[in-house]
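Here chain A shows up in two complexes: once beside chain B, once beside chain C.
== the complex of A and B ==
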């Protein structure tokens, strides 16, 4: 009975968090799907999003949800910059090259971030109220974050399936050579996809900052979660990432009711390896 | 061709490592011994990783898991079962090799980035598991009783001894790396790297060859883990399975030249040397990570074959001299 109570209090929280995790993972899996690059600078970019909220809200007094707009724009531009500097030359090289190229971006961001912001924790003192749902308290910030994550997912879906650039992205993801033969400017499309991926990462970071403390190193654990979610939902399937995020969020809500919280990562990563082995296309089966 | 020239591939690396080992004695500074110890450790780990990464072409992002796991097994035996350092090291290495064998049977079926992701997952799962595993001391880890060092003539002598054992392990890693490279088994691995399907058609039993390459690349890191944490005096989950250390190993192998015997040695030396310089320099110390990152990016973008690979491509003489 006590366990059930615990479950009822932690599960809604886990589900709401799951949407935000899903948003972060969507950025990673979009980049993977389009150009077969695992973006190891994903974590620090999430952390940059967190600091985006911090500076816009705590220093300039801008509402964190309005602040998402400049954060998203900066994320898009930053992604295009990273693509041009670090990724474009190694896009056709073996996996090790692109992994190390994005990892060196990771090192550069963390190094500069540590020098400027130190590694001590920051937090954003923002509250959007809350309400009781049975025995559970739902925080307003988490509810809004989940809604924003859904909004972005819907937006991404519409962009990919209803607009011309989105169709270009899907065409390049499907077969880059054929897309080029059809006159699609593949370099620009790749840069745009990388930009969108980092934009999603930064927005998720900006949302996470409204309810968790963070430091420049905080992105690392969300990057690892994004890997797990990406594999759960099928790598390269951005919409699947949202479901993967939900599964992970629910796991984080359910496991603490039965085991100590410290077992959560053991189960997460074991599940991750097992799914890679058994169903590399993800639980929901990507098209590949 | 004179007979000794045929063995240039092993003579030059051995001379380099021997020079490293003798350096503290030549300069007579104890501080040098510590920095050389770090370099020897890096040489041993990078050479081991090279068997999988350079020869077989499989990118292991979590190779440090074998170092941490071996270290844990070794320290557990040292404290709980009061084994000697030698048998603990052997057991740590074997434990890592067995772990690699079992893991390899499962995850070496994955190719490319999927394999890299799986190794990250395994490292993180192992870290989280050890954190909860009471036998290994959970989050606080295992601390050696100071009296353990008595059997080796006190703490100071144990440090000295650790240095020579590390030197021995580095040389052993080098020999394994060389003999794999020149053997028929190694040729099979190189074939897998170039094209796994074609290699299988030509009669390389790829699943077995890959598994044994994985096992060989896990053995020395396991032993090195025991030695390092013996010298360190304690082991904690956070120190034993640092993901960034895995990636540093990849950087070393890339820097020197993957798939060569000498490359990882030079890479380890250059990387550790550069890091030591950046951390201590007053100008770079705050942004040392950024500077390393920028250098890494340059190497990946412009010299992807690494120093030795580049020399071999450009200067034909080196193709005979450097293996």
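== the complex of A and C ==
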């Protein structure tokens, strides 16, 4: 009975957090889906989003949710820049090349970040209140973050399925050669896709910063979660990533009700391996 | 084919991330002295010699790693700042003069261990074999120190362990480790004694980081709580990298606990404190390890209010010569006020116990060299084993039994708590033991 109560208390938290995890994973899986590149700079980019909120809120006094707009714009431009500098030349090379290219970007961001920001924890002292829902405490920051994540997911869906550039992206993801033959400027589409993926990562980081302290190294754990979620939802399937995020968030809420909290990462990564072995296309199917 | 590639990528990703965690390669350079102010006359002075000094000068090389990056950065940097202050003071005071006229001065070689055990082992080997360090200071944290201690023992080096409270490293037959901190198993004893007077009916939850240090604290805490008649309603460990304490806090509330004892190090402790506040966990008392002892902690704002910690040293309750006289122990080194003034002049910050630990690590080595009248490691080891002194930091006396060689025996801790002063600013007050307390405990912290 006590465990059931605990489960009901922790589950809403897990679900809300799951939306944000899903948003972070969506950025990773979008890039994979369109260009078959595993973006190993995903974690530090999430951390840059966190610092975006920190500087905009703590130094400029901008509301963290209004601050998402400049963070998103910077994320989009940064992604396009990373694509142009590090990814474009290796896009047709063996997968290991793009893996190493993005890993290099990862190292550069972490190195610069460590030099400038150190690895000390930073804290955004922001609260959006909270309320009781039964025995569960719902924090305003998490609720708003989940709503923003849903908004971005909806926006991405509309962009991909209702706009011309979105259709270009899907066409390139489906068959780049055929898309090029149809006159689609694939280089620009790939750069835009990388920019969108980076934007989603930075926005998720900016949201996470409103409820957890962070450092330049903090993105690493969310990157790992993004891989688990990506595999769970189906790599290359952005909408599946949101559901994968929800599954992971719920697991993080459920597991501590029955086991010690330290079992959470063990079970998460065991699940990662199991899904890879049993259903590599993910629970919701790989890229379409 | 695609699936096989996905599997390969999965494995690569995990490996890459592990590599990434070790990524930031800091420049390996000797530690720059931190202080800018010349040593005062109260600083640990060079020994007076009756004969004019002979020109011979020996430079003792002290090796250590510091966590310039990674999870231990905050506390480690403070420990190193304290050590650097000591070294600058002793060198500027003319070093240590031995009876044969030799003047002993000190230099340090240090590297960034990135808060990683693998780096610690690699770098301590380098410090010993390539940099030819004469003596070693431990890295910060029990986990890193355990890794360093293996290398130190294998090479027969003396290592003063400054930021490492865990007991086990001293119970494995080591003979070169000498601990400054109160052992982990005794870390929260003062806090329990205080609770016994404040609220003997308190229901205690123990929620701690799953690492060597915090686990050793809990191993000492549990039997003592039971002995004192407290009910332990929850015991829970969490992974070092935990950021979401929501499920743990829900468990805590569900358990009916009124008091929380636990935490681990700075990153997790500060995160935990913030979420306890946000979720209005309604605890009467919160004591977390390490994090609240740092001067960064008030950055949490109101979440810091009422959070207590066990502290190895507090300026407001610094030890003094009268205490030493009452205990019949010889006093050594500067007063706490002089140490704090020198540190503040150098850094504009008030010293924490991590700073004091780093400073005293050097000071203890200095005292041992003076007592040994030599820099010969065996003579210095014998001097350390015979040491029984009192400093601003407290008592220093090491266990010499084969079962727990080097374990600290004399040093005692105080309990400090973040409270608000008349101006509404957060200040860390000493609340226990009662005879050195600077304020009454804030209890209950929040209405249950």
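What to note about this one:
The working rule: the second predicted complex is superposed on the first by the 285 of 288 C-alpha atoms of A that agree within 3 Å, B and C clash if a C-alpha of one lies under 4 Å from a C-alpha of the other, contacts with A are read in each partner's own complex, and residues count from 1 in each chain.
Rule of thumb we're sticking to: a contact is a pair of C-beta atoms (placed from the backbone, for glycine too) under 8 Å apart; a residue touches a chain by one contact, two chains touch by 3 or more.
Computed from a prediction, not measured in an experiment: that's the story for all the values here.
Contacts of A:93 after superposition on the shared chain: chain B is touched, whereas chain C is not.
In the superposed model, A:6 makes contact with chain C only, not with chain B.
Judged by the touch definition given at the top, the superposed model places A:276 against both chain B and chain C. Contacts of A:265 after superposition: both chain B and chain C are touched. In the superposed model, A:127 lies in contact with chain C only, and not with chain B. Of the two partner chains placed around the shared chain by superposition, chain B and chain C are both touched by A:114. Using the contact criterion defined above for the overlaid structures, shared-chain residue A:105 touches chain B, although it does not reach chain C.
In the overlay built on the shared chain, the residue A:64 is in contact with neither chain B nor chain C.
Of the two partner chains placed around the shared chain by superposition, neither chain B nor chain C is touched by A:75.
Residues 38, 95, 99, 103, 106-107, 110-111, 114, 224, 227, 231, 235, 260, 262, 264-265, 269, 272-273, 276-277, 280 of chain A touch chain B in one complex and chain C in the other. Considering their complex, residues 53, 57, 59, 61, 106-107, 109-110, 112-114, 116-118, 120-122, 124-125, 127-129, 131-132, 139, 247, 250-251, 254, 258, 286-294, 296-297, 300-301, 304 of chain B touch chain A. Only residues 32, 36, 38, 85-86, 89-90, 93-97, 99-101, 103-108, 110-112, 114-115, 224, 227-228, 231, 235, 260, 262-266, 268-270, 272-273, 276-277, 280 of chain A touch chain B when the two sit together in their complex.
Only residues 2, 5-6, 9-10, 13-14, 17, 38, 40, 43, 95, 99, 103, 106-107, 110-111, 114, 118-121, 123, 125, 127, 130, 136-137, 139, 211-213, 215, 217-218, 220-221, 223-224, 227, 231, 235, 252-253, 255-257, 260-262, 264-265, 269, 272-273, 276-277, 280-281, 286 of chain A touch chain C when the two sit together in their complex.
Partner chain A is touched in their complex by these residues of chain C: 2-3, 5-7, 9-10, 12-14, 16-17, 20-21, 23-26, 69-71, 73-74, 210, 236-239, 241-244, 246-248, 250-251, 253-254, 266-267, 270-271, 274, 278-280, 296, 299-301.
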